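Can you keep this structure in mind? I'll have questions shortly.
Order as written gives the chain letters A, B, C and D; numbering starts at 1 within each chain.
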């Protein structure tokens, strides 16, 4: 089988089209893919590189080709240097993979709409879709997955499609699977529901879980399984970088917090007291700290507490998951899967489809999904046999 | 089916024989069983009172009769008052259930050997077994489960059976299922291996997980499933009460820590750097604080940390699990199960039999065990049908 | 000297008039004063009972007589039972000091204005002042200190005197020293400035520091003295009880947070990034948890962090300070001190007068203040000499 | 006055002789001195660069010349690169100050005794003293301060002088002021007491406080001043680097912990329950994490807790203090001060001389010391006037 995988890999190149392609997460994903491919780093944090995903026909990291949309114009190599200065990327890495960064940079097209842009939704969607199609044609790609890693946008006010939904519509129009790694609306817009359903494309999301919610998705089930009564669950997130600033907007934070609290309600079977704050602390740069405080009752009403403090680098947590998702969704598309990919709930705060909410159950669903891919012929190989 | 359950309950009384019957855990279990039976408190912390355990033929809480061994002679009602003063039991509860405490107190026989005791192992085992048989006969019990909740004893030095093993041997001799809620040797002694195997009795253990290890059994799998590389896992436990003093003995702590670290090795697939301390802090009384510090690598070697602080009342965490285990093991005995009950691994740091190490998988095994009980005729009912 | 102190004590009874007299802090102060007087508890948390305050002529605890205003009507003995149930007061204490609680309860008069109250400011002030004068006359008090321990009120909108200022004006009118233990306006109202200045009365405040700000007042100076550059200081307070609900109102929280942040600015010499949240978590009852996260730069820009978690019982922290302040302010009045008592800055987030901001310097100022009292003749004694 | 200071600076060069000259702290001190002198970084963490130390005649950073002893032979530029890779020094700094690192490297002489060394104590002391004198002569130094920043050595067993004391004796013999930044014995050896007294040299130490003990020296006084009863104070230190390995030796840790606990006893006036652990966690590199857990009683016995977590880079915390101490001790020598410099207690866990234990009081003593320096003629200037 390894031979045919190798054949597939050598022939098939898969596009990863990133919305927010000049952001920290996108830059780290591009840089990390190159670093791992070159053998400079182990694939720590990439679930698809662990044994349960062997022989599932996923596209090789070396076969991924990056491009995307962004409204900024800071070149990727420069962005990577800034990330290295902030300790997100290893020093020396940007220089070592300068060619790959430059290549991805050439694949980035202007996003929108920016203030003053007079183009209507239809024109924007068409422009974006054309960009994606050009990219695929130019590189001779078998397929392209569109992944939204842009800053969280404010909750849509209902009047028309928000930008994330314009990009999602463009993905469908270009015939591309779609992954929403952010809490932004994306495909979750009433105006896109029918389109998504009729497109025959697989899609996944929403809002990658990389820290506090990841913890909650294992701690919530623990309390529930032990029949301990959670009375209050309070949390504070401190984060700098662009994300901190974006989420300092209460409207944007509302979208994010809804996901965080949903995990608690779903795993505990009740909504505890307590709030979740997101603070913009520019001094933290790309690092974030999440503090959680849980008040629970034990036997006979005895009051107890659990506190957790998670200190992580958001981009380094998100980027390997973005690569995982691009590979899994590309392979799902190849395998003919359509609609919401509930098997990928492991990655999200607010998963599409009918999915369990505890991380353990989500992991089982994910390995089941991998098993399903393993037993599904690769389209490429099947076609090759004709 | 509820009719036959009711029939069973009304006829069968089940003994719970506690080694360390005057300790905090035992006193809380006796008091809590009475409080829940009387409707004074909800059964928070009792897993067997949650929906997956409905209709599994477990003995009702009201059918449990308590007795046990202890080397101390503080009366249970007085012990309960001391626990109420320390905030472990609700104020007023000891008075409200004075009759039940007094009844359990009458069921407690002297343990041993105390310094100066000239009885040999065989005599001690026979005395203990006779105590248990007398108890069962006196109360007309269908069966009696022996549960070790005594203070942790130092690691056996090999010369003869340690006290916990004498009690375990007595349980077998009296024909009783055995549960070891502590890290002491109990049935895990080479001299008892054959005896345990040939007894035809079910048994469970070892070392209830109620705090730090409970957390580790959900956090370890999280890191593994996310392919994050744990570099170091350090921990400090502060605890007062008798447990703190017992575990200040490095030999006793060694037994406990082995269990704590095994969970990490089993769930992570590697043994991280770091130590685990157990400090005796008498000022904490029955409360304990466990701090864990995890250093892990994310994508491209980025260093991150997780810290947890668990502040709980050990007795209030352990007591409902002791009641769970007494009920489940009694029902397993009734259902004809024998040998190590790996299905109860959910409760233990160092489970008997072949069991998974992540809490999620252990919970699934436990609910599977419950399902098996549900579909096994109750011995009492079967007899009643004859 | 001890003889004359004893003479003073035996003749002089001092009133403590509490605004918010049925609240947790007031009830704990009344109960604690009785408990310490009766020798049931050591005076832990009372700074005035430590050696630097010996022989300073402070009124004895046994000489204090309590009364006050409140808009609620729950009797103090019942309130004390509720606090004992919540673990704030020791079980059994309310019964042991039932007489003292009942006596204080008889001294409480209705506060205001409640919704629908048609009385104007002048009428309210006159009523409150009359209540205080009646109290002093009835008990034959040498002097009475008015202490505001009511729930924090929203920031005044400018239109007229807020309730806390009505009470403060009443204190002045009744010729009583005034202490504001809350962040409410009280005497800090432009309309009262001249009145306060011309009254010849001493006053102190504002906003007792009992947890997070107490910590900040020692940690801020530590960073400054070590020349470490604090970049961000973020905090979250979780608190239940009435205080949590009151401060869930952003307007009330604003007053409190201003004090918290002022301490940082004053001790650090700069205002760091970061927000401070106050969350209402009713499940915590009278307990509060304050988490602080400090990001600072060390040598050559190395990024470091300090986190603190303070878990305390607000009423138990505040009550002994209220007794301290009542005694110190009464003695200052006796000693003829007038105007803002900057020497009491040790107790407050936002101290009156010209006071240092580090706790160490404030403690020195406080012991200097005590020394000044020690060398000032007691008015009572002086009169007795006539 | 600035003119004469400038005259002094231009003529006087001051030596800093580091025991452990190739370690992390020494390398960071050398690199940091060069970086600040070159204007590449602000002097964050250097207390002597704050306003209270202006015009006190301290040697300029640019006048410091570095040398020292070490038993290792890794070149300083290479050591600096390793520190940059570990995030202790900024990337790019080693290259920017390559000349200064090379110059200091040339000033380092072999330490000892290494295993197999047959030289006796007298020979070693003489060799070390000759090294220091050669260094001073070679560079034409006005004076040289010897500072011990080597790894902590095990507690001396009494048989002869430990290495740290050999170096201290060599400092005295070479006529140099001595600073012990470690908990090792150094001058605190009975055999050196008379020598130190008769030498007429100033000396300072012992054991720089850079994290947990720094915190304790402000938190201990806070509890004492507020009359809160500390029941237990427990701590765990996780540290990698050479220090972690050295302190994993219980004998070495004992020396360090004695200092940590002395601060508590001195500031609280009592010794609380609780232990302090030092764990070697190589994965942490030069970073350390210190967790403290304080259990205290408030009013009426209410139990409360404070936890702190300090995450710092040990070398970055220590290095600026080493520069401070070298400057202050050199200036004290110039000003004719002799014997233990109690005014520098601010820097140490276990200060020499008669010094207060709270950081606030120590800071006052330090600024008083600075004032004394300010008003003492500079030897250089005095000579210049002749």
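By definition in this document, a residue touches a chain if its C-beta (ideal position, glycine included) is under 8 Å from a C-beta of that chain, and two chains touch if they have at least 3 such contacts.
Keep in mind that what you see is a predicted model, and the values were worked out from it rather than measured.
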item	value
Subunit B and subunit A - chains in contact with each	C, D
Contact-richer chain pair [C-D vs B-C]	C-D
Mean-CA-position distance for subunit D and subunit B (Å)	51
CA centroid of subunit C to CA centroid of subunit D, Å	43
Chain centre separation (subunit B, subunit C; CA means) in Å	48
Multi-partner residues of subunit B (each touching 2 or more other chains)	87, 305, 307, 309, 311
Chain contact graph, described as a line, ring, star, complete graph or other shape	complete
Complex contact set, residues of subunit D against subunit A	85, 87, 91, 309
Subunit D partner contacts - residues on subunit C that touch it in the complex	28, 31-32, 35, 41-47, 49-50, 87-90, 93, 214-215, 218-219, 221-222, 225-229, 297-302, 304-313, 316-317, 319-320, 346, 358-361, 363
Parts of subunit D lying in touch with subunit B, wherever the complex brings them together	231-232, 234, 236, 238, 272-275, 277, 279, 281-284, 289, 291, 293, 295, 305, 307, 309, 311
